[in-house]
Structure formats: C-alpha cells, structure tokens
C-alpha cells in the first residue's frame, strides 16, 4: 500500500486520476490539490465520486511528503511547480506537456515559451509502456505522452519499427471537448462547441513533436474538434516503401502488440466496428490500433483510438505506476468500456 | 421600407433578429448595438451572416432615431435601458422578460428583483399573435413571451378556452442550451452541458407566471435542459373535466388554430413524427401543437414544440412586426425547417 | 463460484449482463444465447468485450443446466420461453416486462396481449432491492422492474411511505435510445433519432402500472425520447398533503435511503449537479434521487436518474443475485461512473 | 415558370430538393416519385414540409413529361432508370454517382459494378458551377458531384490551378449520418452510430476519383463518420512546391473565388470560427473554403465544409438549374444558415 497525492486535481485528468486511484487496491490517496477549490469536497468538482470519498482539496503549498506525486497541472504550470515540490516524494509522474520533449528548443517551438527547467528534461522516462516498459521498471520520474501523441505513436510504431512506410506521414487527429480541460470561454460553451467539425490546428499540432521523437517519422499533424466529450482518434496516411499486402501488415501489428494488455489490433473485414473508435473505449485504458492497405498496396493507413482522459492521461499514469511498483499491469484498470454509449 | 435597430444584438436572439431582418424585404437594419463588441463586425459574433452584411456593432449610447427598436437585451437590462431609449423610435418590441407580466409583484416574485419601471408594465401588448393579433395591429409597444411560455400557452389555450381541462396543469419543459444565451461559465461548457438531463427549475420556473396570465390555468412548471442547442418542448398534463374523446379534442385544436400561419396541429396515429418535436422546426417560425387523451378519457396531455430563438424569440418579434405594419404575416419567415437535422 | 447463463444475450441488456458478469469474481458464464447470432463470438455484438472473453452465442435450444438463468429476452418472448427453460436452473432472473405485474389483466391492458403464463405471475419476487431486499434473500424467481419504473419507484417511495404527497402524481420520463433495444427501423436510425425530443408515450406509459403497484400512488406517466444513448430521468410532480418544508422532505429521503449502497440523495442548493442526472451515472449501478419543494410548500417535485441498462436492467439483476447469494451487495458493481462524459 | 419532377423523392436528398423547389419562385413541382411510398403524402417522409405542400408520391412508371427531371435515386439505380426516362424531359439533373466519372473503368473500380450505360457518361456536364459554369449555361444533362468530392474540389482547386502544391495530396473527410441516406440497418441505428469516430473508408473512398478528375492531383482520401446528421468537412494536406507564405496563398484563394455567390474564404487568425465548419452552414448552399501554411512554409492544409444535402446535393442541383435557365444564381438558395445550432 502506497500513498499518492495529486497536484492539480480539480481538472478532468485530475478527476480521472482520483477515480482510478480510489478504485486501486494498492493505493491510498493522500492529498488532492486545487488552489481555486481548496477546502471544498472533491466531489463538488467530480460528482461521479459522490459516496466514493470524503476528501477535500488542499493547497499545493500544504502538500505533505508522500510516496508518489502525480502532476495533473496544465502545461507551463508543472515546470514552475515541480522544482519546489520535487522533495516531497521520491517518485513523480507528470501528465502535462512540460517534460515530454527531450529538447528545450523543441519545447519552445511547440509551446511558445522557453522551458524554465531545461536541465530536468532528460530526467524523465516516457510513460508509454508499449515502447518504454523496461525503462519504466526503475524510473522515478515519468512523463506521460499527450493523448493524440499516444494514439499516433501506438498506431505508427509497428510500421516505423518494421521500416515499411516512407517517413513522411500525415496524421489527422479528432478529439472531443474534454481535451481542452475545464474550459470556460465562449468557444467552449455548449452552444458553440456542440456539433462542430472545428479544425483548431490545421498544421503543426504540438503532439507531432512527440510522435516524431518516438517513431522517427517525419509526421505532420492536423487536429479537429468533433462532437464528443471524450475520445481521440488518429488516422495516419503513409506511402509504403514497397508494395505490401494486408496479411503482411496484419502480421506486423499482431506481433508487435502480442501480449500487450491495453492494445488491441482492430482491423476487420465487416461490421460497423471494423476499425478503432473511441466510442467503445470511454472510461477504459485500451488503445485500439488498426490499419488498412490501399487496393494497389502502395499506401497505408494506420489508425488508433483511445479515451484521452484514460489511456491518453490518467490511465496511462496508473499503468506506469503499476509497472514501476511491480504490480500486475491491469490493476485498477479493469473497466472494459461500455457499449452502446 | 422601414428602418429598425436592434439593442443587444450580440446575443443569440439578437443574432436571429439580424438573420431574419436581413432577409426581410420590407426592412433595413439601422444599427445593432453591443457594448462589448462595439466597432466589430456583426459576423464575428454571428458567423452565419458572413457575406450577408458588413454591419458593425455600435454602442446603445450612439443609437440614432429609427422606426422600430428591438430589444434583445437580457432580463433586468431592458427595464434599465428602455426609459432612456424610448424616444428614439415610435415603436418598440422587447424580447426580454421585463415587460411580459402585468403585475410588478409577480415580476419581483419570479425575477427576484423589484421592477424598476412598473408604470410601463401595462403599456405593452403581448406578442403572441395567436391570442392577441387584434391588439397587435395598432400596438406601438410589444413584449414577446418567453420561449417555454409561448409553447405552453399555445399548447394549452384550446383546452383552456373550451373549458375542457381542470385548472391544475403540470408542465414539463425541455430546452436546449441556447436558451441560456451566450453563456461562458463552467456549467455551460460543452463537456459539462453535453448529454445532460439537467433539471434547472424543479418547481416554479418563471415562465409559469406567463402561462397562468394568458390561460387562466393554475399551472406549475418544471424545466430540464437536454442535449440540444436549440429547441423547446412542453408536455402538459391535465385532468379532463368530463370524459373526452380524441375526436372531440382534435376538433377543438383544429378549430382553434385553423388559418394560423405558424401553428400546426400534430397528433398522428403512427410514425415517428406523431407529436410536436423541435428537431424539425429549427430555424422556422412554426410552433407545432399536439394532444393525446388517456385510454379512459379522463386525462389529457397537451404538447408543443418550437425553436426557442425563432417562434420563441426573434421570429415571434418579426411576426408581430408584420402584423403591426399590415404586411403578410409570413413575410421574412418562410423558412420551413430542415429534415433530417 | 456459480455458473450463470444468459438467454437473449445479443441485445443491449444482454451485453451489459455479460460485461458485469465477466467482471464478477463469484460468477462464471456458462452460455449466452442468441438465435440470430448463434455460433458467432459475443464480441461481434458487444465490441467492448474484445479481449475479455472468447465466448460464442449458442441457441436457447442447447442450453445446459446451470445455477442461474438470466432472461434478457424481449417482452412477450420471455413468457413463451420460460416454461420450457424453467427446469434448466434452480434460479431465474427475468429482465423483461413479462413478470413484473401481479395481475394478468393489468398485463394485457399495458402490453396489448393476454399473458400466456398467468399462473406464474405470483411466483416472482420484485427485483427492486430498496423495497424488497428481505424477500430477495430467498427468492428463486426474480423479476427486475422496468428502467423508468425503477427510477420513479425510487423517487416516489419516500413520499408515498411517509404519506406526504397527494396520491395523484404526474411523471415525465426522459430516455435515451438504447431503451428501445437493438432497433433497426427507420425511426431508430441516427439521422431520425438524433437530437429529438420525441414523445412516444403521451399518456399511459406501461411502466406507470409498475409504479402504481409498488407505491400505491395514482401515477400517470408520459415518456419522451431525448438525445442520449443511455440514461433515464423522471420528474414527478405532486401536491403536498399539507404545507411542507425542504428540511422535512430532506430528512424523509435521507432516512429512507440511509445505508442503501446504490441510492444517493442529490438535492443541492448550488452548482450544475444539483439534481439527479444520468450523465454522471452511465455504466454505474447508482440511482440518484432528489426532490424540491415549491416556494409555497404546497407542491413537491421528486426526481431520479439512472443508467437504463445498469440500475434499470443488468445491474439491478446482479444486485439481486448478490443479495440472493449472500454476497456483498456491491460485488461486481463498483464502477462509479465517469465525469465528464 | 417551369415544371420539374423528382425521381427518388423519398430519400434525404430528394426531400431537400422538394424543400428548395417549393421555395423557388420560378419552379412548380410536377411529380415526386417513390415506389415504396407511392400514394402517400410527401410530408409523411419529410415532416418539415407539413403545410408547404399536399403533394403525394407517385411511381416512376407514371411520370408525365415535364421540363426538368431530377434524379435523387441511389447509385446504380439511376443508370438503370435513366435510359427509360430520358424521353420524359428535355433536361436532366442526376444527383447520384452514376454519371460523375468520365470513364467506365473508373466507375467499375470505385462502384464495384460495370457501368450499364457507358455511352452516356460523356453526355453529362459536371454540376460544379465554380469550375464549369460556362458549360452549364447550355447543358441539358448535368451530373452533380458527390458531397465530399465537392468539398475537396473546392478546397484544392485554387492550389491545383496555381500549381503551388505537389500533386500528392492526402484528404481526410468527415461526414454526418445523413450521408448514407435513409438507412435502416443496425450500424445506422442511433445507439450504434451516435458519438462515433467511425472510419468507413480508410483508403480509396470513391469520391477521390472525382477529385482527381477535376483537379488533376494524385489524391488519396479517407472518410470517417462523426457525430452529426448533416455536414461534411475535408482537411487536405499537401507539400508546397516551393516555400510559400500565408499572404500568397490567401491571395490565390481570394482571387479564385472572388464573385462566387456560394464560396466564402474562411481563414482567420483568431476566434472559434477561424476555419470552415459545417455547423454554421446547415441548410445553406455555402461551401466555406480555407487554408493554412505550416510555420516553415513547406506544407499546406486546404479545408472545406458544406451541408452534404445542400451544396453537396440538392442545393448544387438548384444552383445548376438557375445557371442553365439564366436565373439569378442565388434564387431559391438564400437561406444563410443558423448559428448557433
């Protein structure tokens, strides 16, 4: 039994961390911080936790020492807070974007501000167990990838590793509204956001830097908000290096993800659930991954879907924690998702 | 050709007024006011008007004299502004709640503040043409009913007029998110508001006062927000004074609304469009009205649906203007609605 | 460890039964029947179960003896099948409408056909643990209430038991599309069903008979389909027998449901989660119950929300099974629901 | 005043044709055919037309001679019907896919069956006024492009014409559920289709053949169904031939579409309506077109959005009719779209 505290626990990723940790048999929650809501019950922000906990938000300033500190703070905030809080716990997991990129220059290019703690960038292991499981086993500082990055990395890794695709890859990512967090502006209001197909990053979405770093491919990423609260899907288009067949690619995917507890290869011939769709994944830690080969064998499409707040956030963090602690990797992440929803 | 100006034109009702007036062949728009957006193009707030107009928002302080002044300002704001602006136009149409109720006491009870211009309350004709068409023909000041009130009044008037129902009536109203206007708070954000069945007025919704005033029935109204941007529906349950038949009630409704250009009686035996549903009315000025009789003939259900921003707001205002000016009542309101949508 | 089989397992309630039973530590699944899909993997119908099971559908004709038989068959089908299958298991739980009403006449009135096994009607205990927990402890045949009935019964029971409300109660129920099961007709298609506020039972919804039977109140129920896949909400309006206060009613509800593992009293003064809303309950077995008192103390509104496929179906069945087997009542039903969703 | 008849008028495109033609001042509707619904009122299939017309469906076999025949029949059906019906009208407009491609081999490749009237393929002018206006002025047979093709063609034409982009272009198309017509299967049911991000064409969507034909670019197209009833959006990614600037591309788009009544260039620096989004276009005949240049000037994204049933179907047909008849091009197509919706 270890004790973990969550910094920035009033947001949506923070709420999912609390939900998952409350249901995790090896963990107790120490504190959950929110400056705005300190003193108030966590279930006022996360009404699904009514009856699950009597915890109240505290201030980050009042954080006690604990076994693990999870940062669900926004980009740019974590790198400001972390140096001060680093002594409070021997183990840190950051869910923001601040420690995902290895190079400070890339950070500045994609986040628009200089990194304030560039020396720490190299200290974090990447929280993408399917690529970095070994390193995670003794990592004390872990940085969880971005939601769309996670999906694209898992979609493309088999192709990249096998050297099947040309390096230039176009990614179109779709996302629900919870991806922008607890947002209060007019653009995020229901009447304005409902039913959109809103391109918010027509070129150069910041997650493309992560995908490039992990796959070595020259990806370009666009991102569009669609009608959904949760869920991310990526469709990646690439040219094949030589003519390939469906069977060949299927073997590559199956082999790469054999034994992975949270990656399923979904690429079927029939039915309405042929390819990855976040609709059936909400609340679960699965990332479904699929592929298709063009009729002439010259082009490839790789797809992936996940719940941005779970496998694209809180769930990935818990999965990393399980690996780091030597617990079964599925522990606390058993929820399979709902259908229909 | 007359000139009209819209006060409070940056909100959703204001936007609908602009859309309808831009398409109205007898009207030109003078000014559209917004304090927050003054100087900016109206199509920044209402992107559907791109290419329709080059108008920019001005301040209410700069309002020139005009033929008609339309108030799309929030409740409590109109009654503050109106006395100052009254001299700018011989004709006023108010779409807020401030001049709907005849008695200042009722206003205070339902709006939570004393009325600041109680002497003007009696000066307004009610902008519900199906009940007050005659008065509207020479009314200079008109107050348009609330969206849910409009629906409930039109649903219940035939029963009330014919004395068929017991006076105690329970109304359950459903509404989309645009009913609360351009809202920026967390509760209105897409992630929070999406997919709700959120009771926001479990008893005593303020529109019940209007329904009571217009029908004489002792109504009680609950209101629930559901997943929709536009649309209002009311389901009204009443006890019949004596046993009634479907045919009897059908005759009452058909007769009451014969010749009405914007009320259709919808109460069919089969199909998925048997009863009023705002889904097929969005953008149109129709209010569909329906009814059902319980198997034992002892209870009645009256229903109505409309687009809260059109027949429940801007469209009703234009309909009143048409009547007042002696123009064909459908002028500028011809859009029939879309299916499917 | 007991073995259960599910009859009619290809529908949505059947799918939820499989999901819950696969996660239940005391249960193994014997067979899952579907005539249409026999021989096919259950995860073709329920894609959220990919990786959870390799089970295939079998025919009801091939059902082996088992410990418990769960019927997720449609109304009218169960009463035809049950007499033949009754010998296959010592314990039966029916989730259809066929054995909910105690009187064959009521059944015929509400279901439109004579009951084919009227003698069995009295043999079933009602699967509403909050009212019948004691009887369930040694019940071998259990009939789970309808989804809207369950919500209304739990909303109204405290008032009915305390004798606070006049017996005449108006219920407005809202429901998502999964309530009509795996439906293939045009009316159920996405383009037609999306965004509706569709009154499908303007008077006399069949669940009103169940509410009457369990509460003794003279309820009348209307039902409206709204935009949602899962979720049921009821708003019940009643007149108070004498003037009541919020505090008084709060005490009645709190007391009635103290200690209930799946009923939470939700009636808050502020916030957007003041009253029961299925949005935060999807996938969970909670039924949130709330109330409001009109300003004059003379009228009451009782509300409830649940997931129609869980507490209004499969979850209630598992809860009953837990009670009957003497297991902890929350076993296998721990999922708390998601926010936001 | 001319008389037009609609073949296949019970579908969604057929319904939109009826809506637009009923509101068109130069047109009367002769007949509307549907084999399945013949004899029934058209407003049973299209409830938004209640009160707009008393027309009933007739059989195609009973089609009288008329001025214009519009085919809203499904792919493969038109080419079977057309040879027989060709004598009934001097002018034909086909909205199906059967006469869009110039080569029978391409048709077979993308539609999976041999073309049954290959000699007629060359007889049709393409109903994309922005490219073929001149030819449409005296075309007697017109074939309207597919909805996603129309969007992609309008998005890419400025780039292709100016020779700015490399020929290899990746298109990701999003579409609402009405794109598959009045669909009754399980995959189209609300519970299954709601909230999806469902890739239904991971490679080689058939509209890519049309885009290639019209733009000369080597496009590959994926298509994903998202939560919406109406609306299509395309995001096209290309490499620039040489480094380009935003200003340069803006000039290309502005110039290409200057004076076009139904194409608006939407590519703004701020706000939530920066890029084309079908949300504000529903019911209107606009196609909004936008673009973005990557930070390094080496890649381009072109975007477009439209209502698949209007500019991607019925509206385009009416626009073509207006051109062919020498009427003002906007006639009957004035509806600007709604916001919010």
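Read from first to last, the chains carry the letters A, B, C and D; within each, the first residue is number 1.
Here is the rule we go by: a contact is a pair of C-beta atoms (placed from the backbone, for glycine too) under 8 Å apart; a residue touches a chain by one contact, two chains touch by 3 or more.
The model shown is predicted, which means the values in this text are computed figures rather than measured ones.
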| item | value |
| --- | --- |
| Farthest chain relative to subunit C (centres taken as mean CA coordinates) | D |
| Pair joined by the larger number of C-beta contacts - C-D, A-C | A-C |
| Chain centre separation (subunit A, subunit C; CA means) in Å | 35 |
| Rounded Å distance between subunit C and subunit D, as computed from the means of their C-alpha atoms | 45 |
| Set of subunit C residues in contact with two or more other chains | 12, 178, 186, 191-195, 229, 271, 340-341 |
| Touching residues on subunit C, where the partner in the complex is subunit D | 12, 176-178, 182-186, 188-195, 229 |
| In the complex with subunit B, residue positions of subunit C that touch it | 168, 170, 172, 174, 186-187, 191-199, 202-204, 220, 222, 224, 226-228, 231, 233, 235, 237, 239, 271-272, 274-279, 290-295, 299-301, 303, 305, 340-341 |
| Residue ranges of subunit D touching subunit B (in the complex, touch as defined) | 12, 15, 19, 22-23, 44, 46-52, 178, 229-230, 264, 266, 271, 273, 280-284, 286, 334-341 |
